[in-house]
Amino acid sequence: MAIDKLTGENSTLFIRSEQLFDVARRKSLWYMGFGIACCAIEGLMHASGPRYDFDRMGVFFRASPRQSDVMIVAGTVNWKMAPVVKRLYDEMPEPKFVVAMGACASTGGPFREYPNVVMGVDKVVPVDVYIPGCPPRPEAVQYGFIRLMDKIKAQTEERLAHARSDSH
Amino acid sequence: MNIWLIAILRFLAALALMLVNGVVLIYMLRKVLGRLHVRLGPMDNGPWGLLQTPFDVLKLLSKEDPTPKAVDKALFWLAPAVVFVPSLMAYIALPFSNTWTIANLPLGLLFIFAVMSIIPLGILMAGWASNNKWSLLGAMRAVGAQVTYEVPMLMAALPVVMMAGSLNLGDIVNAQSGTVLWVIPNWYIWNVPAFILFFISGLIETGQTPFDMAEAESELVAGFATEYSSMRFGLLFLSEFSNTFIFAALLVTLFFGGWQLPWVPASALSAIGFLPPVLFVVKTYIVIFFLMVIRGTLPRVRVDQMLALGWKFLLPSSLAWLMVTGVLIKVSQVLAVGR
Amino acid sequence: MGIDGIVIVCFVVLGAVFVAATFATSWLVSPKKPSPEKAETYECGVEPVGPVWVQFRIGYYVYALLFVIFDIEAVFLYPWAIAFGRPGVGWYIFVEMFVFITILVGGLAYAWKEGALKWR
Amino acid sequence: MHTPDPTAISGALDAIGVSAGVEEVAKLGVVCRVAPADSRSTLRAFKEGDLAFGFLVDLFGVDTGEAVDVVYHLRSFSRDEDVYVKVEHEYGANLESMWDIYPAGLMPERELAEMFGLTLSGHPNPRRLLTTDGCPPFLLKGSEIRAEDEVRHRERQVVAPENLERTVSSLEPEQSPHAAPAKMPLQEGIAAPSAVQPVDLPAGLHRAPTGVDELQTERLILSMGPQHPSTHGVLRINLEIDGEEVIGSECHIGYLHRGIEKLAETRRFTALGPLMDRGDYLASMHAELATSLATEQLLEVEVPRRANWLRVLMGELNRISSHIVWYGPNGLDAGSMGPFLYVFRDREYMLDILEDITGGRMMFNYMRPGGVLRDITPEADGKIRKFLKFFNQHIDENDEILMGNEIFQARMKDLGVFSKEGALAFGLTGGNLRASGFDFDVRRDQPYAAYPEMDFEVPVSTDGDAYARCRVRLDEMRQSARMIQQCIDGLPEGDFTAKVAKVLRPPAGETYAAVESPRGELGVHLVADGSDSPYRMRYRPPTLFALQAGEQALPGTLIADSVVLMGSLDFVLGEIDR
């Protein structure tokens, strides 16, 4: 943030604005639906469907990585897909998070013996939240998002505390 | 007070109105679409999700703004301004009440159309500068659509101008006061073909479904705004909603009697200072509600079908209706003189 | 110049200032981690092939030409429309514009027959 | 499905001077072994001769230890007979492409060459289909899968940066995408695509709309890539466009290749079901049913009547839920969000029913060799009756909202028209084939489970465009609802599964079982060698044939059309990439 260079790490302006933007980042997570396999039907379509409505939580579908904060990897990542995942992750603007949805994205799932499958998407991109299940229920996906929000909150507080402790 | 100070205060008022409009309309869209689709829409953030859009705007403000390297930097940065400022300037001529207008331009209607035709220029800049095939196609489509429907929109507004006899929006609103045959309010909506032509070309001009060509999510990823992120995308998103507000306000002014209630005399209304602007905005939101219902149900028209509709149906029929209105006005004048 | 001119100038200048202010706050507040991969153009996750700035299809420019013609026609029609309702104006005002419009509709018919309106 | 008599076939083959070993294999049918040299003349005799085996059901390979058996599974609809032509190739031999006789083999041949290490000649687009350049031929017995401890210690696998680069380079091997064979006239019957060299662009410039011919505008090469809101999964279509019109198109698949067929060779027979669920993840009941039928044919187990009725009930429930996931996104591709959410409300209710009975929402593992997992519970029965009550009214509502909408009709009518001959030549089955006027349904023509006791019509339409495909699938949903009603009312007594051994070791043999999945004829060709896991399992993906037919129909449409056209073909990438 340019503001911390101008007004110093522990100025109240910087800390207060960081806390405010942290709340905003948590409350409006726009996800780039990256439906690869069966998890896409359960996690993206049903989760934003009538019964488990993602829109309630402010989670909204954006098609382009430039406008999204969370990348949901829903499905198996194999060798041909790995560079695409890496490239899309790189093209996302900065405060970005990755949710590995389903056993395939977390550890390769039922297909991990096959040499063509990458055992878990965390080999390609840093992952924030793993959602187990094959496919996980829509409630599990929404619980994963709630845990992601808690993680963002914890990260910001830890970063600010770190900044405050430096100054003393 | 100094004249410049008044102008700056009026600008701040218009800016505040536009930002509030943007925030309220985005929230309203997500709620209306939600209820239309058997789901709730934003609920968790704030009571009934009211704080959802402020959070979205704050988040967009605090996101990184990567500028792709293959981009034409000058145009890439300028395009959001060229799209945002015209849709802000169109607020100048809107008649909130016969005294509350930002600038009582004698050619109000023509000014709004002129300003609204700068926006396709900004969209083309955005699409071409971001050096991305998807945004290029989105921009070409959006410009093709808005260029094609600028003309029928102008032609469809002509019958209203002929009936009102002036281009000043305040005069048009005053011309619609009173009642005909004691019961029917003397609004120009009864000139129904003009209303239909104006409504269709306005829908396309502001990129509403079934004609949302510019950012057809299912075909062109995110249309011309594919490479834009954080606040630049925020401005494009905001100006799209303020275009909708302006189009609905024009519709209300030209056909639904501006800030007037049907059977209440205009003088009684303008006696209470703040009532007319509130009425005007409420009527505009009712029209926007219907636009959103259309957005939630109808599928998208293909590009060439829409352009064929524009050039081959709307333009000839709006010219023909122009002639018919002329004859009707002449005949009514002769009868009035005769009696 | 009157209040109207000043207001319009104010809107243009202050509008641009507002846009610049928004970009400034965004620059102030947003984190920055530029990286070569982030700067690559997005094309559905794959390396874009071939140039983007090509000589685009000719059909699009024909529409722009037709638009200019009919926009000018609209500009001529507006003063006529204002003067139309005035009392004491006979039928000749009607006949004049009728001739003007039929000439232009003739131009549209020619463009239609020639296939300029076909999008493909 | 009666078997052809071997004498007629050997007679016809001798007539053209081909020495073929024609034999009758138990549980499979007539197999005709031919040397690679005269495979082309044999196939031509089978197709054009009086034998008239005009339909290529499937084309796959079997690694028999010392050579690769290339199997052409042919079918003659007029005589309702199947025949298998087996051609033996050494490892690394050259496979001659037969696409001018059977264009349905365009993509299966590429996959066969890539998975068995053969080289492909005479094919318009001989590139790899499913895997990236550096991968070994996976389906050969020689190439193993990951060892137990390597899988257990996941952290050992490190993705070296060059691995990412390596695959990147192979993604874009060429400058301009090879255009698919010149636009095959699917409308007026089958004329085989002309042998266009991959690099060559299709001939002929489109006349500029204003008659200004010499102004040649450049073309864009656009990749409607793996991550696109409406490619129904990870399919990448390389489009060459002039303005908005698609000139050339090529489908890249393999982004979801998980090796279901290779892993099946290490699984027990009862464990094939969960593996097949993940193939066509929208119609997993039908995939499980296909493997169970194949295993039962090998074991010669007699399935009790109640189990058959339960299989039909669950199959039809799954058919409706699968058609719903086609109907919703198809409306979304055309731009209308409403129907997508209305139909998903019904699907939520159906998943509750499926969850009550089988325990899972999408992956059921309910159909087992010998019968089904669990009997139907009374409250599930009540739920189904309640569902049927409001489902018929909802279907008519949704039919009228989307299909009755003029804008949707204007978008879908005469788009991607497949004539009957074109559809048959490209191996289309199921709704796509019935929409082009050819009335073939595995449930009625090759009955399995309890379908003979059901009365249902098979909707057929003749004009073969995208709208006809939508109309056929919607009527299929109504027929499924009717069948569910019949199943619920007339469910016979009896136990729901036959007594089957814990570990199944079917006798050595080979069989083919086909099922009418919502996307077409889903077949399983099972080769058993007596051990407790299959020697080779071939999974016939009906949507692979739909995809290659779609690839042919794309040139000439606009981009907005191509999205809706591919949507109307209803393919699932999990099944195409296997």
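All chains are identified by letter, namely A, B, C and D, in their written order; residue positions are counted from 1 within each chain.
Simple rule for what comes next: contacts are C-beta pairs under 8 Å (C-beta built on N, C-alpha and C of every residue); 3 or more make two chains touch, one makes a residue touch a chain.
In this text, all values refer to a predicted model and were calculated from it rather than measured experimentally.
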Legend entry - Set of chains adjacent to chain A and to chain D: B, C
Legend entry - Taking each chain's C-alpha mean as its centre, the one farthest from chain B: D
Inset, instruction - Averaged over CA atoms, how far is the centre of chain C from the centre of chain D? Could you give it in whole Å? - result: 48
Inset, instruction - Go ahead and note the Å separation of the Cα centroids belonging to chain A and chain C. - result: 40
Legend entry - chain B and chain C, separation of their C-alpha mean positions in angstrom: 15
Inset, instruction - Send over the residues of chain C in touch with two or more other chains. - result: 27, 29-33, 38, 40, 42-46, 48, 52, 56, 60, 118-120
Legend entry - Per-residue overlap in chain B, given as positions that touch at least 2 other chains: 37-39, 61-66, 133-134, 136, 140, 217, 221, 226-227, 230, 303-304
Legend entry - In chain A, residues with contacts to at least two other chains: 21, 49-50, 63-66, 84, 86, 88, 91, 93-95
Inset, instruction - Classify the chain contact graph as line, ring, star, complete or other. - result: complete
Legend entry - Residue ranges of chain B touching chain C (in the complex, touch as defined): 3-4, 6-8, 10-11, 14-15, 61-71, 77, 80-81, 84-85, 88-89, 92, 102-105, 110, 128, 130-134, 136, 140, 143-144, 147-148, 150-151, 154-155, 158, 161-167, 221, 226-227, 230-232, 234-235, 303-304, 307-308, 311-312, 315-316, 319, 322-323, 326-327, 329-330, 333
Inset, instruction - Provide the residue numbers of chain A that touch chain C in the complex, in ascending order. - result: 1-3, 6, 17, 21, 64-66, 84-88, 90-91, 93-95
Inset, instruction - Under the touch definition given earlier, write down the residues of chain B that touch chain D in their complex. - result: 33, 36-39, 133-134, 136-137, 140-141, 209-210, 212, 216-221, 296-305
Legend entry - Complex contacts: residues of chain D adjacent to chain A: 131-132, 135-136, 138, 143, 145-146, 151, 154, 157-159, 163-165, 167-168, 171, 225-229, 233-234, 254-260, 262-263, 266, 274-275, 278, 281-282, 325, 328-329, 341, 344-345, 347-348, 351, 361-363, 573-574
Legend entry - Touch list for chain C against partner chain D, complex: 43-52, 54-60, 62, 114-116, 118-120
